[in-house]
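Each of the next two complexes has chain A plus one other chain: chain B in the first, chain C in the second.
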Partner chain A sequence: MLGKKTRNIGTFALGLVLAIAVYLIPGMTGIADAKEAFAEQVFAEEAFAKEVLAEEAVEGEGEPEIEWGQDVFYKDWEGNPLKGPVSGYPAPELGPEDYNNYEFAPSRIILWVANQQHLYFGSFVLAVPIFCMLIEFIGIRVREEDPVMSGKYDRLAKDLMKVSLTAYSWTAILGGILLFTFITLFPGFFKYMAGIFRPVMHVYALMFLAESGVLYVYYYGWDKMNDDPFLKWVHCSLSVLLNLIGTVLMYLANSWATFMQAPGGIDSEGRFLGNIWHVIHSTLWNPVGVHRILGNIVFGGGIVGAYAAYHYLTAKNEEERAHYDWVCYVAMFICIFGLIPLPFAGYWLMKEVYAFRQQMGITLMGGIMAWLFIIQAVMIGLLFFAANSYLHNGMARVKGSHRYMKYCKYMVLLLICCFTMWMTPHTIVMTPAELKAMGGAQHPIVGHFGVMSAKNTAVNLMITTTILCFLLYQRANKKITVPWATVGNCWIAAIFVGAAANIIFLGVYGYALPANQRVGLSVPQVTTTLTTLFAGTAINISMFKNSESYGDIQWGTQSKVGTYAIFLLAISFTWLMGLMGYIRSAVRLFWHVTEVVRDNSVDAYTLTIGEAGKMLTFNTLFVWTQFVVVFWVGSLTGKSPVKTPVAVPVPAQQQQ
Partner chain B sequence: MLPEQHDILFSFLSIVFAVFGVFVFGNVVLNCRERELSGGKMWGGVFGIFAIASFMMTVHMFSLNQGEQLSFFFSIYIWLIIVLLLTWGIFFKSNNIESQSPPIIRGFFFWTTVSVLLAGYTNWLPQQRSDPPPKEAAVVGDVTMEEFAEMGRVIIFGAKQVAGQKSIGKGQCPLCHTFDPGDHMGRCPNLFGVEKRSHDRIKEDRYLNLPMKIGETEPASGIVKGMPADIPEEYRRQNGPEELIGEDYIRESLMCPTCYVVTGFGKAGDTKSPMPVIVKPPISLSRVELNAVVAYLQSKDTPGEYASVTVPLPQDDAGNTGGAVVEEDSGGDEDAPTFVTGQEDIQAMINTLGCPLCHTIPGVEGAMGELGPKLHEKINAPKRIKDPNYKGNATNTKEYVRESILKPSAYVVYNEEAGESFPDGLMPTTFGQMLSVEALDKLVDFISQTEAPAGS
Partner chain C sequence: MNKTLVSFLVFVVGLAVFHNAIFPIFTPKEVGWFLNRYVYFLLFVAYLIITHFILRLKPPISMMGLFVWGIGFYFYKFVLYPPIPWTLFITYMVMWSIGTFLYISQDPETFREFRKPIVKAIVGEYKLAQIVLMIAMPILVGWATYQSIYPSFQEPVELRTVHPAPPATTKVHGKTYPLESTNNPFRVDEQDNYKDSFPFLDADKHEYMKYVTEGGTIFFQNCHFCHGDQLNGLGMFSHVFNPTPANFIDPGTIAMLQEAFIFWRVSKGGPGLPNESTPWSSAMPPWEEHLKTEEIWKVILFEYWYTGWHPRTFGTEGSEG
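Up next is the complex of A and B:
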């Protein structure tokens, strides 16, 4: 797949599937277990607290002085608010003295820029080690049978790590800027957050130190640990450790944002109730974490893809063109694999948002943020178009792809139909005359596409089409020889046709149900799509056993449209990431911490869509300007050569 | 961003374009040297001028405010860049242009074009800014029941309504509830006929027993079901009979949504309501606000008829501690920050901003204020700019009008009739926060054209 060996396809694809499953399954299937465990934990905590109180009552002077507060989110096993000992101060009523500002821009905008830039870089430096881990692992696995390919993987992983190293320092600097921005412009709010998260912030700083240490050993020890097979495995293990620490770092930082959006572990006055885990592990913590990991993978893939696409365009010779074409493919492969499950993680997040506060969910999907979700729909459509465009164009350079190219136009047609449905708004702002002319806020025909039944159907069909396109790409240069080829093909066809029929049926059926029940249909629709992903990929890969090749992929012949499709994907995803971050944050409306700390600054309003759009574009352009600088700095030390045996120097005397 | 501040995106783009101008200059010079062109100096001069011009324009961008920056960028600067690109193309003519322009430049323009188009798309969509609701709605002195019910309506729907768009006030009720007969979005019950239902419901078996029995305490809200006397004192009904009445049901539904869940609209087998407790954050209605909402719900199905309203007016409410009653001179609606988007017609904009209170404005019905100067700016503005006492920065009528709106004290007009200047400091200095860029432009355009009616 990533090179010449069919076997690699299976290894890499299965590796990715497993990696995604490892991230998703515990979060999505472990909820029931977690609830039970939570009930037990709550019981134990309360029993412990009672014991402590009883002891104090015995030892001390009569009644214990501990005050008990009711948690704003956590419930006990009977559904009553969980009680905890009050261990902090009430949330402050912020006044003008708690906000500072500069004249050139509102504080909120400055903070937004600082935050977003840090997040973009943070995403990148967290994603690259995931890539390097996978790529280095594949390199080790193919070392014996194809040393050249193995060296190529190793070089790619190291080159990516080199870029990441510069980006890592940059991220830390941006983090410092963000911290100072918080402290200087929002001192009152930051004081409250620091009071609650004091230990988490210190652990975060220590984890950063650990991350730096492992990163430096991992990168600078690359060559020294490259030759000995055992040391190479140790080196690869370091990448696992690096990713683990990185994930913990991200989850710790996420806890601040998720606490602000859906707090837990405090009472209604904002007083900390003594359990830091409750504060960290608020209701949105897990879905945001999973969503961000997948988002980071896609974003990282987009950046590496754009980096490689740029080098592909500037390549001086065929060898370089072939190399960067291949790197583009690897990056896009990872990117698309992250992109496919991303909407499902989004569903999970939104489900939890609705569970936390229904009106927050409705503000997002049907209130003031609804238009932003239409924009999101457009962006997701762009992403899928870009991904499919790359696959279609990439397929053209694969010998044997003529068998499947004829289907591309139908897939594009389907994508266009779904995209149109996906971006149709439920209602739009109109003049009274327009409203009267249309006979209501919803168009009598097109209006039907504005509801979630149609939208879920559309996006699931788009994802299914992309999966199909990807499977065709995988098998483009393969002549299937397994005896059960016909059966396998029938199964794949049946899975996709059945999936499409089921998705459409559920979508249509949704119109017959009330809105609150209709929402539940998204689960079987998503399950259907995931089935096509996992079952389709598994059958497809199984059919490659002993397959014959129509010829190697002609690396270095990628069309310019395909190259620019990668750029489009990278820009779209950067913009989309900013948009979704804005939506997630802005849904707090006029609260710093939802329902606990009110934003009393002059910037407490929600921006118009146009203002937000301009900021998103600025953030996108600004971060890419920085990426260009970082890549340029990274390139100053030159590329890692593919290691070749070094000739033993001969003394001059012997030459004579 | 406030109108007088810079536009962060276009400021950034102008900086990038200035760098681009210098880059092209360097590229041409290097190319001329490599190719040993005879006209190298000429080309260097041409592109040097472009580089200087783009640099100067970037500097100029930083002397403009947001609206002016947009106008300058799209009317002048962007054309300079297009001409620069064309000239660069001419320089490379028939010399494999594509390979001469580095991919970083092509990538940059692709990147910028896509991103700016996305920003353009967001600006093409309807613009609506959402301001935080006032912490507590205010009541001006004594109010009539009609005004009180109207206050409840504003809490539910907000003061401003946009056609075709759901209007949502502090109470956020329309996010889930509908109010008209036959209207049903499926999230929460339709509240048409709620006044009549409130009297019947309290007698139903289902109400008496599900999801909890009368007299039981609902843990999340702390309310004892069906016991009006046990409602927290700050919200407790002071007038009327001791037994449970329709008003109590409505109040209880607001303060304890889970005390009774309408079939099909709850969670966990209709035992829990998804509705927030309306007297707690994020809604946090006060006593007066809660009563106003009840008054609206009790009267909305019989427009103009308030006989069914049982809640007392704030001035007659024995339980009202006066927290929401304010002095006569600060109206209820005025507590909500005013913001004009520019989508409104000019008459509505001017009325919303309150200009007619002080100014006489030709073309605006009812704008006969005399506290400030008459707005005959088409003629007056050029004269004032030339006035030796003028200390502002405007050079033309529009700039003068814009400056007068944003910084009223930049020039205080002399009132010839009174023989003294109009009072300085009377005009608010907060219009920058009340106007979107589009609205400010629209207002400036209109006022710049105002002149005394013929014959006056």
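Up next is the complex of A and C:
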């Protein structure tokens, strides 16, 4: 049904959807699994308890020796705390002897830097294999029809993997530094964590070994497995295995952080209750996992895009410019694809945080962290601006795009209006004179934008606008010839107009509902937005059948503004990742493990916004300096030979 | 006549006429559905578009950018009312400026065209513009520096934590209440179901309305001096406080909080605020020293009844609504 080139991008999109679906399934089924787990747990524990009591009765020893503790999080079907056999020591009350420090910087700051750098690199090395898997898969799929394109895809995947290989070693080194930082500066806390997560840490180390093995076979076997079609599929399968192991690694490491924030599987004294799955699978595990995967994709896309953008701006010949322009396009496609569902995963995470402790949710959204969330809103707005700016400028190099370029300014206007709504704080910083002039703490007009009804509406409209922009980009050089073109266009228009109307209606309706019901409105709003994505894209691509082309995309002619937008996106996202990581971690306030292990160090304070901002900027600059070094090291081995004839790839926009 | 100049005159003269002659008509004391400042603004924008369309004026993109930016500035500075605080104005203008940049840079062609006069002014092709720029820029920087260091007698602005995180429990009159699970006793029915619906709409709920009335009486004896007789935070003493008393009508105050949270805040007042919110960020007295526990709950009941908001609930256990 689709044209040859359309299938490339269609396959690409399908692959991305499937990849995300695979990651989402565990999260979606998590509740059902958890309920089953509760039931099994209750039955198993009751049976176990009876068995133990029976044995002890037979032995005539009287009182049972096994002590049972009540879980701080898990509950049975009747809502009572789940009981488990106490299998560990209570959480220590940490004193000065449990903390070490250097003179030059507070321990917490050192740990923050070590942790953040490791996370940045870990995020990158987990994202790149996802790209390589998809890009190699597309390369294999188009091999027979278009060897030139296939060669390009293959070369790109291998080049990315080469950089990832260097970054992988770097990540491991940073992980080692992080581990030593924990052991040396926070020995008391680390001893407790190691006591709880002992088996997980060993499995983690073994998984790291497996990841390394598969990674080396995958990269060093690339050329040897390239020619034989069967071996090429085996090679591609290795990338799937690599991603699976990588995901498990990330989820295992996530469990330590989510346990610290929202513990489960222990009693109120911090004693392990014998079920390691409960400790791993605490309430925030799944949302954090999904949020991080999507974040990794955007982050990885941003870095690869920035790398390509740098080479594009410094290219010495047309061929090189065309190649890196195309790489920018692929990276941005992946990046935007991850960016669209990312806010929804964030909402899921926040919902779970509120469900765990209302107090924690209020601290985040209305309390001491609220101003950081305002900064987050600004950064997210910048990301959407950068993505749309890239698309607008990218459209300009496509012949036939003049038909749609005239709509760009209206989309920009809509984005700005939504962004204004999105980041208007509920409580405004003002002087007493301004307060008097305003007549109260809330502005009668813009004050209404401070609540979630307005925010949800704004962000959904921003995403919908970005989707529309992408659809126009897709069809920029196509002359639609299908007989149902008018009907198709009407459908697309109806979907987007209907979606906008529905999102706005739900947003306004939310003001008339109680807060707990209003929160539920975000679900139909998100569904509406996703409908525009899936239905709009499906109809749009279907209309490309037998379409005529206005001309090729002129690769290598991307404007500088569009290219700089990629840098803006990459740097903003790096800073944003650091910010949200800090917020997630700092919301524990004076706890190492919430309500279980108290942080009694001298660093147990919340940084001012300015100090936190400086640290985030330092971390961003530091990691980008390292990325420059890593990319430079990666380039020392020279470029992969291209076996196919040199030609500029023809992307989706030119498909017939 | 140069069409660019005509376009510029249409904007500047039009703005002057609209602002001085038409704006006062649209800002009467009694604001109506048509006679209001926002309709006026739309009329002004419509005037600009229609005039340019009829006269077939196509100003260069640099001037279009200037118009767009100017319209945003005009709206936020003069049209939006009451005037927004300076911090918000700066934020909005930064966003509007970004939007203007996106508008002029949406296409490499328009961006090239936009840059052209700037580059020409810098390199000296537009000699007069260069001289004006070189004189105006230092003056502008000097003026901004003067403004920023000129002594001001206003209180410094402060980032305030509006909804401080509540403690897990609070002790009032010798009894400890866990905030996550405490409900208003006057909302719990015979079957121990928490009623967050509108039971007062039922004419038979005499007992419920009795508590609401008692709560109202307590409110008007103690609270309305600051929180206002319409519960909008504009009581007779409200203007002497910074921050001003909470506005219960606003959807961002009691509407998004659990009753237990309000109970904690009313009982402990300003002195009971956690460090993150700083104890001096509220002048409210700890009402546990003046009211009985049930009186506090009755006041809370009244506040929700009067404003029509529902108390925030999490989960469905034990609640009915």
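We adopt the following convention: the second predicted complex is superposed on the first by the 594 of 656 C-alpha atoms of A that agree within 3 Å, B and C clash if a C-alpha of one lies under 4 Å from a C-alpha of the other, contacts with A are read in each partner's own complex, and residues count from 1 in each chain.
One rule holds for everything that comes next: contacts are C-beta pairs under 8 Å (C-beta built on N, C-alpha and C of every residue); 3 or more make two chains touch, one makes a residue touch a chain.
None of these values were measured; they are calculated from a predicted model.
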Chain A as common anchor, with chain B and chain C clashing or fitting:
clash
Look at A:358 in the shared chain and tell me whether it touches chain B only, chain C only, both, or neither; answer first, second, both or neither.
both
Tell me which partner A:79 touches in the superposition: chain B (first), chain C (second), both or neither.
both
Could you tell me if A:89 is touching chain B, chain C, both of them or neither one (first, second, both, neither)?
neither
Touch test for A:514: chain B only (first), chain C only (second), both, or neither?
both
What is the contact status of A:616 with respect to chain B (first) and chain C (second): first, second, both, or neither?
first
What is the contact status of A:443 with respect to chain B (first) and chain C (second): first, second, both, or neither?
second
Would you sort A:368 into first (chain B), second (chain C), both or neither based on which partner it touches?
both
First (chain B), second (chain C), both or neither touched by A:550
neither
Which partner does A:624 reach: the first (chain B), the second (chain C), both, or neither?
first
Following superposition on the C-alpha atoms of chain A, which segment of chain B from the set 292-300, 382-390 or 436-444 overlaps chain C?
292-300
Where on chain A do chain B and chain C both make contact?
79, 357-359, 362-363, 366-368, 371, 427-432, 434-435, 441, 514-516, 595, 606, 609
Which stretch or stretches of chain A touch chain C in the complex?
79, 354-355, 357-360, 362-363, 366-368, 370-371, 381, 385, 388-389, 392-393, 396, 405, 408-409, 412-413, 415-416, 419-420, 423-448, 450-451, 453, 511, 514-516, 559-562, 595, 606, 609
Listed in rising order, the residues of chain B that touch chain A in the complex are 1-2, 5-9, 12-13, 16, 102-104, 106-107, 110-112, 114-116, 118-123, 125-133, 135, 162-166, 168, 172, 175-176, 185-187, 219-220, 264-265, 272, 274-276, 280-282, 337, 339, 341, 433, 436
Which of the residues in chain C come into contact with chain A in the complex?
80-88, 91-92, 95-96, 98-99, 102-103, 105-109, 111, 154-168, 179-180, 196, 232-234, 239, 242-244, 246-247, 250-252, 255-256, 258, 261, 276-277, 309-315, 317, 321
Can you name the residues of chain A that touch chain B in the complex?
79-81, 103-106, 109, 113, 268, 310, 313-314, 357-359, 362-363, 366-368, 371, 374-375, 378-379, 427-432, 434-435, 441, 514-516, 518, 564, 567-568, 571-572, 575, 589-591, 594-596, 598-599, 602, 604-618, 620-622, 624-625, 628
